[in-house]
Amino acid sequence: MTILGQVPSERCQALLRDRFEPRDCDTGGPPLVAVARHVELATTLRDELGYRIFGFVVAAHYPASKSQEDGVDQIRIAYGLRTVGPSSELAAWQVQVALGETVPTLAHLFAGADWQEREQYDLVGVRFEGHPDLRRLMLPEDWEGHPLRKDYAIDTQVPPWR
Amino acid sequence: MLYFVDSIRALATSMRNVFRRPTTVQFPDVQRPRTERFRASFALVHDEQGDEACVGCKACERICPSQVITVDLEKKESPITGKKRAYAKAFTLDANACIYCELCVQVCPTDAIVMTTSAAQPQFSRQDLCLDMARLYENERTLKRSWATASILAAMQQPAAQQVSPKGKDEPDA
Amino acid sequence: MNPWIRALIYAVVIVTLLMTVTAWSLWFERKFSARMQSRLGPTFYGPAGLLQPVVDGLKLLQKETLIPESADRFLFIVAPPLTVLLALATAAVVPFGADVVAADLNVGVLYILALGSLTIVPVWAAGWASNNKYAILGSMRAVAQGISYEIPLVLAAMVPVVLAGSMSMTDIVNYQIAHGWFAFWPPGPGFLAFLFFLPASLAEANRIPFDIPEAESELIAGVTTEYTGMGFGLLYLAEYLHTLIVSAVATVLFFGGWDGPFRPGLHWMVIKTLVLFGGIFWVRWSLVRFRSDQLMAICWRYLVPLALLLVMSAALWVHFVEGGS
Amino acid sequence: MNQALKQAYGDPYLDIEEYDPEADLMVLNLGPQHPSTHGVFRLKLYLDGEVIVKAVPFMGYLHRGVEKLCEKLTYLQLVPIFDKNDYVSPMMNEQSLVMAFENLLEVEVPRRARYLRTILAEMQRVASHLLWLGAFAMDLGGALGGGSTLFMYCFRERELILDLFEEVTGSRFHYNTHTIGGNRHDLPSGWAAGVHRALRTINSRIDEYETFLTTNDIYLGRTRNIGVVDGDLALELGITGPILRAAGVDHDLRRDAPYHAYDEIEVRVPVQTAGDCEARSLVRLAEIRESIRIVTSMVDGVPEGPLTSRKPVKTAISEKIDHGHAYACVESPRGELGIYVIGGGANRGASPYRLKIRPPSLHALSCLPYVLPGHSVSDAVAILGSVDPIMGEVDR
């Protein structure tokens, strides 16, 4: 794989292994970390290892059929941070939460996370607890439903002009 | 007062441009020359024997990201070779929603659909922008064909192993 | 000839002349700015687009005049024609030829400055009447800019008056014919006064780089946001008229009116005015715009004190050199 | 948000009622229909006189549900959809998307394609910065004045590059020239000569624009220490790209996390320290020159060899994968444009399960509530222009 720095860097994986006992996610991707220690991980990554730029927060909805946990819809959220300057690396980890539960916000650590978390709440419907201003980012306020949920209508036939 | 002193250089630049040739042209009368690979509207073509190339296999209908192509299949005698062959009974391409991504040209097994280098002619109603089979074949006669056909694109995208020469029009600078 | 009839003839001739020159200055500006921006400019109507002003006028005429429901109807309707009226009124005093002047007031310069400063009122009224936030911002800026640039304008206009010893426009021109043009002959004050008069008058007419009131990149269209059809047409026309007359006044005050090398006469006046008018377009299409507080800072920190010095230097010049005539 | 930053900048969550009650604030909506909001973007400004007290941005007017569309279309069909996201630099969208899929499917890209992608990316950066330059001059100088003169010059130069793209890909703007494993269009003969000619003209014309900008005092008056974003605030907000480099932080993905063929060439990264509008424009002008230098050094030495490492696509369902995550990011003219894709979606694994775009313009816009308070409305327009947001990318 010639593209460097796109997979979680060794430093980040080493930190995860020895301090945060990550579980490997069955659908692949970065290691899974317990929700309780999620903010602590982000703080250590930022302060000790220098991952200062907020990369991304991706929430994906796994309906009961696909997720293994006893038939309850799961939401897996992948986070990413990046270091600054030469040989910039990427740190990434995942957090899993049942539908309806809340995830502690990173907006106090990274102001950049503020809007990305609002977008995930807007599109996937995962609530970030402690977020200063959790409103919908893009859809109008009175929009009901979260479009990127798997149960959201997907095959609406595009009205042909013909 | 220093604001006006070095504004003179800006004035000089704009005056210098007064004596340069303007780059805009009066569009309807003067047309900008298009490059050979420019892709605009569509045309269906006949193969070497003069028979309709399209076999109605719906490959383009499936690949189209904005689902604007619909093809109906029919089997009938070919007027030239006399054998029973598959044809497209109806072929509509909705230029309203087409994003000109050239994927249909790439996936066509028989080089039937090609793009032309004449920019889209505006119409007065949405229905006129819905190109049906007759219009597409008429485009083949009237408009200048663009460079790309399925085989040329395929020849250009061959991986290292098989650097095969393209069937159909010879690639000018392979 | 009965003075009333003379005034009427002059009025009709000057108004039609000014209107046509302004209309075709629209064509000239679009062609000239197009060339500056490596474009073709209007070419469709008439040879090289010469009928473009006519077509623009017709387009504006047949557009529906919308009056916003919450607008102050009377002010909204009256404001545009008022701006055109004030712009045209200042033309009464401008001497186009030796005795070709509508009304040779002996307080000509005062008359022009008075009407010049009055143009702020209808512009402000237009902004205030359209009851639109952007228009109000634009009109407040117009008032601030108009008032603060009034002072350098007056002081700059004082220099030729002091030098020529009279306020009447024809006397100033005759003085310049005798002693050489103010812009060049008294080397110090004359040219500097012109350098102050031009930007101040540009600010008066809301032209770039001083067109804060209708700064379209910030305030959409500033004062003219709510206007459609002929309302907008009049406001737009008034701006061009005002600029044309200001360049005519500048030629009279600083470049010796109808005085010219071969046969002084009306044609010299027209040539000089149009050259100055073209210069204003040239400045308009190549400079970036000021911020409104920077605009005020320039006026109060630089223009006003220097203008005072200028008038004093002109007075000293007159006292010493010319033996206090 | 550490305390030091709170004092230096405006507070985006300021409660308007507590602001001193007797100052009657005027609420002015800048946008979504406004000549200088660079797209459909609404900025609700609370004005005390003409000074901004609080700025609340509203987005979503251009939300097209691209990420929902990703669940339905297959990998190949997404490429033409994605070059409409950041419609000022479409190359970068296609390249980041295709790199993410190549990561996911573990596909190797041949050297010729990597060279070609670098050249196309750098030329697109020049075109994108030229468009920014014109739009920024329009913000400062107005549509009927000096601003539009510079706007026309920038577009005249940008046409040269679009013609070159038309020669290679056949389309001026939405190319669909990338595919998984390489490119779809090879370079026509004689293209390099055209590139040299065009870039030489642009390089000489840039000096001409300087007379409008960096030495023109009216321009400096409008941009010097207006809208200052310093390094800490930029890093805190996750801002990357010219705004971060103008704030003194030396971070550029082309050199720090090289992709395509950037590891084989030397990339010089222009950095300024002031962090104001002027510094941002200086960084972008320097980046135009830097990109021109890169392209002229590379365009003759494109190595021979195959253009893709996979057979040309003949059917919609061509790539299939049922698990795995991948992230790829590209240095777009506005910052780090990243695509995070999760495999194993519909169409029996032929479309992604979830695809997220990390838009650099979203983070660039997030600096507005912090930076705008204290400036006037015309400054707000200048700052918005210097931040150069693209709403197609922000709203997706």
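Going by the order they are written in, the chains are A, B, C and D; count residues from 1 in each one.
Convention: contacts are C-beta pairs under 8 Å (C-beta built on N, C-alpha and C of every residue); 3 or more make two chains touch, one makes a residue touch a chain.
None of these values were measured; they are calculated from a predicted model.
Central chain (C-alpha centroid nearest the global protein C-alpha centroid): D. Two chain pairs, B-D and C-D, are compared here, and B-D has more C-beta pairs in contact (counted per touch definition above). Averaging Cα coordinates per chain places subunit B and subunit D 29 Å apart. In whole angstrom, the spacing between the mean C-alpha positions of subunit C and subunit D is 43. Measuring from the averaged C-alpha position of subunit A to that of subunit B gives a distance of 42 Å. Centre-to-centre spacing of subunit A and subunit D amounts to 23 Å, using the average Cα coordinate of each chain. Within subunit C, residues 36-39, 285-287 each touch two or more of the remaining chains. Shared contact sites, meaning residues of subunit A that touch two or more other chains, are absent. Multi-chain contact residues of subunit D, defined as those touching 2 or more other chains: 146, 149, 153, 156, 212, 216, 218, 221. Contact residues on subunit B toward subunit D in their complex (touch as defined above): 2-3, 5-7, 9-10, 12-14, 16-17, 23, 34-39, 59, 62-65, 99-103, 106-107, 109, 115, 146-148, 153-154, 156-160, 163, 172-173.
Those residues of subunit D that touch subunit A in the shared complex are 1, 13, 59-60, 63, 65, 67-68, 71-72, 99, 102-103, 106, 108-109, 235-240, 249-251, 253, 255-259, 323-329, 336, 338, 340, 342-344, 346, 353-354, 356, 358, 362-363, 366, 395-396.
If you check the complex, the residues on subunit B that touch subunit C are 1, 3-4, 7, 10-11, 13-15, 17-18, 20-26. Residues 1-7, 26-30, 52-56, 58, 60, 78, 80, 82, 84-90, 92, 108, 110-116, 119, 123, 132-133, 136-140, 147-148, 152, 154-155 of subunit A are the ones touching subunit D in the complex. Considering their complex, residues 26, 28, 34-36, 50, 137-149, 152-153, 156, 212, 216, 218-219, 221-222, 376-379, 381 of subunit D touch subunit C.
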